[in-house]
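Multiple structures follow.
Shared between the two complexes below is chain A, which pairs with chain B and chain C, respectively.
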Partner chain A sequence: MAVSALNASHEAVHARYESVDPLYREVRDIRLLGFVLFLISDVVLFSMFIFAYLYLRNSVPNWPPITTAGQLPRFDVAFACINSCVLFGSGATMHAAMESWKHLNKPAFNLWMLATIVLGIGFLSGQAYEYQHVPVTWTGSTMGASFFTLTGMHGFHVFIGVIYLITLYIQANRGVYTGSKYFGLTAGTLYWHFVDVIWVALFYLFYLM
Partner chain B sequence: MAVAAAHLGQVDQHDHIHPEPTSFIGKYIFSLDAKVIGIQYMITGLLFFIISGLLAEVVRIQLLRPEGGFVSNDTYNGVYSLHASGMIWMTIIPLMTGGFGNFVMPLMIGARDVAFPWLNLISFWIFPPAGVILFSSFLVGAPDAGWTEYPPVSVQGPPGTSLWCVAIFLIGISSTMTGLNFMVTIMKMRAPGMTFTRMPLFVWAQLATALLNMVATVALSAALAALFIERTFGVPFYDPGRGGSPILWQHMFWFYSHPAVYIMILPAFGFISEIFPTFARKPIFGYKMIAFSSIAIALLGFMVWAHHMFTSGMAPWLQLPFMILTMVISVPTGIKIFSWLATLWGGKIEFHPAMLFALGFVVVFTFGGITGIFLSAVPVDLHLHGTYFIPAHIHYVLFGGSIFGLFAAIYYWWPKITGRLMDERLGVWHFWSTFVSFNATFLPMHFLGIMGMPRRVAQYRPEFQFWNDVCSIASFVLAASTLIFLYAMFSSLTRGKKAPPNPWNARTLEWQISSPPPYYNFKTIPAVLKNPYDFGEPLPYLGLDPSDKEDHRQAKPPGGAPPEPAHA
Partner chain C sequence: MASNIEKGIAFVLALVVGGTTSFQLYKDWTTTGLDNQVTKLLLGLMAFGCLLVVLACFGILGG
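This part shows the complex of A and B:
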């Protein structure tokens, strides 16, 4: 059984996805559109704060503003790189989890799902460590304000995402989803990839730019 | 047509996505039904309309005399700030989208409810607390920087400014959720055969509004969140003393608030597009142009926000593009107005109160639109910015536009919502007294602005007194004429005649079922063959269940079961 499931082709996955009963398909499409629109409005939220950051950055002659200790703030780019890789890795494991589910491979799904959750928690721990060592404070300068507000918002999204993934893991193991009816998992995957993509922008803006 | 007909009969009333509630709370308080939620929005919105209107009267009493003295200067600042905030966020936007959008839009597209009823329930129940928080800011010191709350004044403002942030943030979240919900509903839940170019124009208007609500309102939420954390935790965003920029607020605020004026006017355009063909008994002129111009307005609306900031010290090279784009946006609006006029041309016009308000809308909104063109020109704006010309313009488009549109919509859909007819004579009196006193109130404000009277002042120079007194006295008449409206609603509810399903012989779907509509809206979802404006032809719907037209109010046993025929 497991072997045949592993070998199930993409065509079979696709056929299963499409041949689900029409009522479920309608509800699934409605929810998918709703969820994508929610993500778009979330993108606008991040874009506004990114706009604020770029605006503040360009409205002063010298950037970054000097810290209260009289030094230029320097971020630990190497550490941020490693932490980013943890988050991007979790995107890959999430994709693997979703593919395993579609190919009816439940044990692999469980494994990849747990890996994603662990990596997500790892990223949050890394961020908590970084928050204690960055040379800026939230209220100290416009740079700190933008940095902590944006990465904090993102971290909050990751935190919600981890809870979301744990819920999905429990639900999947209780038989809420089947091989053809798994909209909740699709939404969770979309959300997790969205969080990843936002981080790409933030990583560039704060560490590379 | 065959395809559309094949869908018929697949769904019956038991497929309603949520069962009819039986308890009082489930029916009237925490209802999932879009119709009930729409009515809840309307009642709450009308309540806030009265409160905000009374605040406006306080402003006008204060300005009767040059030295003011009716309220203290601080209170006065709070009064005009909350008048505008209350009217914009607690009255017009919830009534336009939450109220009429919820009640009418699902009926018009032949759906049984919106896409996410629970989300709808939540977005309504955020609204009354937000209003209470907003007006309770008087208790701790009301926000005093106007509805735009420009920093740095708002950063240093009284504690009520934080409450203002919370209230507007909440109503923003509510608008975003409604926008998302409506967008999915309109995209995915139309009756079979109702293609995009067969949708009623009100639905087109709601689609464009939903897009704006979903995207632009989040920008406001971000700006408010930043202001709130700056005030509460001292995080520098807007305070120039700490490296922040007050202009940043203006950019973020107007990136929302300019689209917001289209959130407040596009649904009104939709009302007019429904009312004109019905009462002129003619097909709408230029259906597609009206529909697409709504979308064009929504998209262009995102590109003109900086015309509010010509005097703010933003980069001068930005002035020209924003000036031109602002003038461009009057093109789709003009397309609509000329299409409406062409709809009236040669029609057999019935002067029902709804039609009167719709005609009044076109007159005063066009006037307000033209003063908008004045203001979009940088040289004129430099002279008029911050004067009474601005309140004059905004009241012509928001009162003469949005509120006239809402009055028209209330007169038009009242029988459908309540199942009772309104006294048309009272409606005609309401219209004429409102129309005359509206113009007497707001037209002189243009003169005051050109004479140089600044806005938001509690005292003014004596030479402005004559026109201020004209405005104030006319505004009292305006308030009194609203009493006629309240009385007309009250008398219709208590002793109005029962309304037939389709009192105006309108052709959109909501009029093809009983007034008020049954809980499940349509027993069988009809198929749609054409757009609904071809007066003189048979109705373009297949498969409507005739029993949906029956008055289901009498002899209804508890539990929502249909009445049983009497057996021998």
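This part shows the complex of A and C:
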């Protein structure tokens, strides 16, 4: 797509976005700032657990740690790669859904939203499968405790995100949002991208590092 | 063997998702506003995640 056509498209969306009454615009901007601050607070929460994990990891001479049964194996990278792509793919479909809504293409929005929800459930299913096959337990080692705590906390965020997306899908089809008033969808998109990006960090820390 | 098949699938998925995400980032590059700026940052990090997957598939990381 040509850059000029892209800019014209963005300008049309922006003009529609700014065409709302001033009071709504002010409230929307404050809500957006509040939501971004919420995401930052969630980054702090994850950071605390990540630093605790790194501290534990650096407290022992060998990693994976050595237990009475011998050295623990590394986590399965190959399966985690597929599951990561499922989650990252859901981020791409969520972005496509948001863009479809902004460009007033509701059928495409519905399609991409459903794809996002299915991929989100797919990621959770993959994580549940991995939990059953992972070579560590929650109480057996610091490696297992860190793994289940961090990935479990992330999985809980994904679970909440899936419920959030289903709610947004229902609301959008009931006419709660319009072509110029759609803050809920914006917040949902940001939240979903956020859980994707947190997984980038966890994927590196547990499987690649 | 099974691990190599899984890595092959992951590699293809990472290329598709990473390419799509990069294209979305390119399309939105000129947008303004806090929500769009945060979205662009997060899209860039997602593309980075796909790059990590590609490196893991070749055993460069996590081997």
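Methods note: the second predicted complex is superposed on the first by the 197 of 209 C-alpha atoms of A that agree within 3 Å, B and C clash if a C-alpha of one lies under 4 Å from a C-alpha of the other, contacts with A are read in each partner's own complex, and residues count from 1 in each chain.
Keep this in mind: a residue touches a chain if its C-beta (ideal position, glycine included) is under 8 Å from a C-beta of that chain, and two chains touch if they have at least 3 such contacts.
Here the structure is a predicted model, which is why all the values come from computation and not from measurement.
Within the superposed three-chain model, A:Ser141 lies in touch with chain B and out of touch with chain C [touch as defined at top]. When the two structures are aligned on the shared chain, A:Thr149 is found in touch with chain B, with no touch to chain C. When the shared chain is aligned, chain B comes close enough to touch A:Leu45, but chain C does not.
Contacts of A:Tyr131 after superposition on the shared chain: neither chain B nor chain C is touched. In the superposed model, A:Ile82 lies in contact with chain C only, and not with chain B.
One of chain B and chain C touches more residues of chain A, and that partner is C.
After overlaying the two complexes on the shared chain, residue contacts for A:Val60 are found with chain B alone; chain C is out of touch.
Contacts of A:Leu33 after superposition on the shared chain: both chain B and chain C are touched.
Judged by the document's definition of touching, chain A residues 29, 33 lie at the interface with chain B and also at the interface with chain C.
Those residues of chain B lying in contact with chain A across their complex are 115-116, 176, 180-181, 183-184, 187-189, 214-215, 218-219, 221-223, 226, 229, 233-237, 242-245, 247-248, 251-252, 255.
By the touch rule above, chain C contacts chain A in their complex via residues 2-4, 6-7, 9-11, 13-14, 16-18, 20-21, 24, 27-28, 30-35, 38-39, 42-43, 45-46, 48-50, 52-53, 55-57, 61-62.
Listing the residues of chain A that touch chain B in their complex gives 26, 29-30, 33-34, 37-38, 40-42, 44-45, 48-49, 51-52, 55-56, 59-60, 65, 138-139, 141-142, 145, 148-149. On the side of chain A, the complex with chain C involves touching residues 1, 3, 6-7, 10, 14, 17, 29, 32-33, 36, 39, 74, 76-79, 81-82, 84-86, 88-89, 91-92, 95-96, 99, 186, 189-190, 193-194, 196-197, 199-200, 203-204, 207-209.
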